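Presented below are the structures under discussion, each in the form of structure tokens.
Shared between the two complexes below is chain A, which pairs with chain B and chain C, respectively.
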Partner chain A sequence: MQLKARHKIAGIIVGAVVLLAAPYLVPYQALATQMLIFAIFAIGFDIIFGYTGLLSFGHAAFFGLGAYGTGLSLIHLTSSVPLALGMGILLAVVVAIPMGFLSTQRHGIYFAMVTLAFAQLIYFIAFQWRSLTGGDDGLQGVPRPSLGPVDLSSDLVYYYFVMAVFILALVLGVRIIRSPFGRALQALRENTDRAMSVGYDPRKYKLISFVISAGFAALAGGLYAMLQNFVPLFSLGLDISGEIVLMTLVGGMGTIYGPVIGAMSIVYVKDFLSSQTDIWPLIMGVLYVVSVMTFRRGVVKELKERFFK
Partner chain B sequence: MEPVFLFSQFFNGLVLGCIYVLLSLGLTVVFGTLGVVNFAHGALYMLGAYAAYTIANHLQLNFLACLILCPLIVAAIGMVLEKLLISKLYKLPHYYNLLLTFGIMFIIQDAIKIIFGPEGEPFNIPDLLQGAVNLGFMYYPKYRLFILVVTALLSGGLWLFIEKTRLGAIIRAGTDNAEMADALGTNISWTFTLIFGLGAGLSGLAGVLAAPIQNVQPAMGMDILVQTFVVVIIGGMGSIGGSILAGLVIGQILTFSIVFWPPGSTTLIYAFMALVLVTRPRGFFGRVSFFE
Partner chain C sequence: MDSQVVLEARGLKKWFGALQVINGVDLKVERGAIHSIIGPNGAGKTTLFNLLTGFLKATHGEIIYQGKDITGLPPFRIAKMGLARSFQITSVFPELSVHENVRVAAQATQKHPYNFLLNYRSLKQAAAKADAVLASIGLYEQRGQLCKNLSYGDRRVLDIGISQATDPEVVLLDEPLAGLQAADHERIVGLIQDMAGSMTVVLIDHNIDIVTSISHVITVLNQGEVIAEGSPEEVKGNQKVQEAYLGGV
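Right after this comes the complex of A and B.
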């Protein structure tokens, strides 16, 4: 027990140092920001995939809706950063409720296919609605206004802002999964019949979990729009939906910290590959195959078994 | 609007539907028997089209040779993938194979892009099938009629194969009752490989047939994959009749939305899927709690 507590403190210290130093450890500062943005996305995705046991293959929809919602709010409505991020989350939640309601009609593998199909629907709506979204040119000219007295225009300052949001998201994510609600989700994942027999309504819990994870995805999307000053159409695309699954799986689903590490490593690796070679999609494909075939339980679980037992 | 125009659009919808029928039949048979949602299915379709392009343009063989060779080539590639990778994950939750095939899709797509370049390749309608046929009430392109006939024959042949042969009996056992396929155990691993090859071959054939009417390009598989998923969700996963009916319905929706409301051509099928999910969650002919 004492050993465990010591590990925990060591973990927090290492984590804090890495977070504070990250912009200086990677090739350019915005990359560190992008790594944390996908880490926020992965925290939310782990709630639906790892803790609820539902594989959504359409979460890019919420990432993208958050990005478009925040971007459009900043362009047309407000210069308040929290309000714009809130609008992005609101947009994603409003879409996630009916989409989750319909998707949770089906379980298992169908859930993946149905969420994927709905995400494509949203992708094509954004593609067609050029006057609002810019179509396949993406949404140009998203400003990055200052947050009260803090000027976010420098990449370094923006990194620390995203870091603060990331820490809040991490604390919130851990609180959600340790709450009675989070316990109920895990009970439903492990044995739906038993959880139902003690009075939990699985569809209600699955829907709430779906909406919560959509909210995290949208928060990440909004931060992404401000980072890039731009919302690309591919933020709603199938590649992002697949990548978030890979990040969560590589890190170790159902561990929260694992997907965070998975997301940060994959964003880093992808950036490295795309700066080195044109054939990086092929290498990403190989990465999928290798990670599913070899360390499918996730790096955190593999490391835990080897060093902390 | 002229009735002849509407008729020819209806036929175009049928032809497009045929491509979806061939694709979704392969997907549904593989899913029903092996429990694998094959994300690489679209990539195999694209491989079929590129195989046809290579055989016709570089080896100078005729279209009949393409029709026979390409499905076999794609089936062989599918069988190698199944033997080396996919079969190792049967005992794990479904999503591992889903992610694996998702990765395979990227590899195939990018490899084709590297070899053939990102822009499309032209593929001409074979000489023998050029021109139009007089159907009495309208003229219709020969090649499109050919697709209708091939799909009808093939669906009939597949039905006979599934009803009358031993391999077909295993597919029926799998699609009728998921536990039944499990109960057959792993000592029939070659049968599973053959079934995966059959699914891959069907998508390869769909690729060859589609090559002359669509542009042969690396992204063609990705574009059609999700639409094929919609077909099997609507038809009912694992149901052969459902795949045929839903494929034809989706073909009509796509074709007529292009005529009457072009922006809907990419979105209406998903709205239709939502409608089906609300009114009949299991799809046209799907069974309750099948592979859930």
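Right after this comes the complex of A and C.
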């Protein structure tokens, strides 16, 4: 199943060219940035969904908390971009620990429901706490300060900054998956009882995986807040929670690269369709159904099977 | 004398709701033995294994392993203490490679503090252990295949291999011969005898001929109670055992 080295090198070259050229290939530069932001989110989501086998319907909570945490830090606390992103991640992790602790005691659909319930709770807190979050007006006026000598205010420069973060996130995600910890996650996903019978504590592994994926989501959220100079309330909402599931599924869960491609294509297609027609949500829905049915194991695995075997 | 006892159950009882499945079982397994547990279908053998390995919680009674009370500990804690098991229904990691199935089990015994940046391949000991186990169970050639593509018999053997990979002191095998053709029996029996050289084996099986030929001690369970225990000869000649088996037909 491993891609041959030749394919790997070709993949890296194509990937690098696409990443570098992306802002010029899409209708506007910020769209390319948004594609990468969701790709970062998808890397983390694949760790919990694809590799740990836990379907969370509440990951918008972490995307949104990252966005609010970073946004509020930039407004009130600091002009350091890494610090503000770190604060967003910290906020999400602090929430992910109890949320993961309680949800990973449940299985299957019950796990999904607990995550969903928590996410809705956080949504309503943000909605009610107007003085801090701006309620349904969103958090306005998130600055995008310079990163040391680098002025991030231009959309193009900001794209390349996000690209660098994306590459780091990708490397980190791949390394986590290839670590002994990542291998244990896959064993637990495949057969929890068997993994337990050789000495793995499922709750501990699931919780850590949950928290890691929350961290990636929050990093994406923080970058999103800086991209938009704004945190919309919907960043915590159900739509985002559902979309990240679809992005991961369409691309092919448990492959890291698949969800990255899934996330980038869906952000792109959605933007394109919404600029063309009012019925774009309907078309997106049909596209989801068709792609999940034709590429049952996700685009990446299907293509690998068909062309690289 | 009791230091020879590696695993012990005292007054073990298990109810599922109103159904009493284990009804006051006392069991002593001696170190280094092949100790078999036989009994008709539904006697409670698998339930007993599940209690001993922490997969089920006993309603009453104690479980002592290596002199420590392990009653109520979760399965992964018990596993870490060196008590391994296989499952009656083949239990493997289908989407992982054959090698990874065993390697990930061996990895569980190694120190790999949550260093997310360490490549799993650098845990050389776990990989070497997996190679050694695969060679000993005769699956080395198939090491690169996905587990789900193995034949039923090979998966059965792999299940035992996973149990061996953690270098346990005691291994509980739940009907390792289940569903296998007679031709495969020899392979598994050989494997069990190999394992017995370095660990205590507790074996559940229905094949009386095999059980009596390889066991040192046999415990007969019927309707949740121990009805006989002793050497193969003693058990074979036991009146109650014959009744239980005839009654079960």
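What we mean here is this: the second predicted complex is superposed on the first by the 306 of 309 C-alpha atoms of A that agree within 3 Å, B and C clash if a C-alpha of one lies under 4 Å from a C-alpha of the other, contacts with A are read in each partner's own complex, and residues count from 1 in each chain.
Quick note on the criterion: a contact is a pair of C-beta atoms (placed from the backbone, for glycine too) under 8 Å apart; a residue touches a chain by one contact, two chains touch by 3 or more.
Remember, predicted model here, so these are calculated numbers, not experimental data.
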Exercise. Should A:Arg178 be classified as contacting the first partner (chain B), the second (chain C), both, or neither?
Worked result: second
For this session: Using the superposition on chain A described above, determine whether A:Gly285 touches chain B (first), chain C (second), both, or neither.
Result: first
For this session: Using the touch definition from the top, say if A:Met293 reaches chain B (first), chain C (second), both or neither.
Result: first
For this session: State whether A:Gln29 touches chain B only (first), chain C only (second), both chains, or neither.
Result: neither
For this session: Please work out whether A:Ser274 is in contact with chain B alone, chain C alone, both, or neither, and reply first, second, both or neither.
Result: neither
Problem set entry | Touching partner for A:Ala112 - first (chain B), second (chain C), both, neither | first
Exercise. Which holds for A:Phe124: it touches chain B only (first), chain C only (second), both, or neither?
Worked result: first
Seminar exercise, completed: Comparing chain B and chain C in the superposed model, the one touching more of chain A is B
Exercise. Counting only touches as set out at the top, which of chain B and chain C does A:Val245 meet: first, second, both, neither?
Worked result: first
Problem set entry | Touch list for chain C against partner chain A, complex | 53, 55, 74-76, 79-80, 84-85, 87, 91-96, 100, 103-105, 107-110, 112, 114-121, 123, 126, 146, 162-163, 165-166
For this session: Please give the residue numbers of chain A that touch chain C in the complex, ascending.
Result: 1, 172, 175-176, 178-184, 186-187, 190-191, 193-202, 208, 212
Problem set entry | Complex interface listing, chain A residues touching chain B | 55, 57, 102, 105-110, 112-114, 116-118, 120-121, 124-125, 127-128, 238, 242, 245-246, 249, 279, 281-282, 284-289, 292-293, 296
Problem set entry | Partner chain A, residues of chain B touching it in the complex | 31, 35, 37, 85, 88-89, 92, 94-96, 98-100, 102-111, 113-114, 222, 226, 229-230, 232-233, 237, 263, 266-267, 270-271, 273-274, 277-278, 281, 289, 291-292
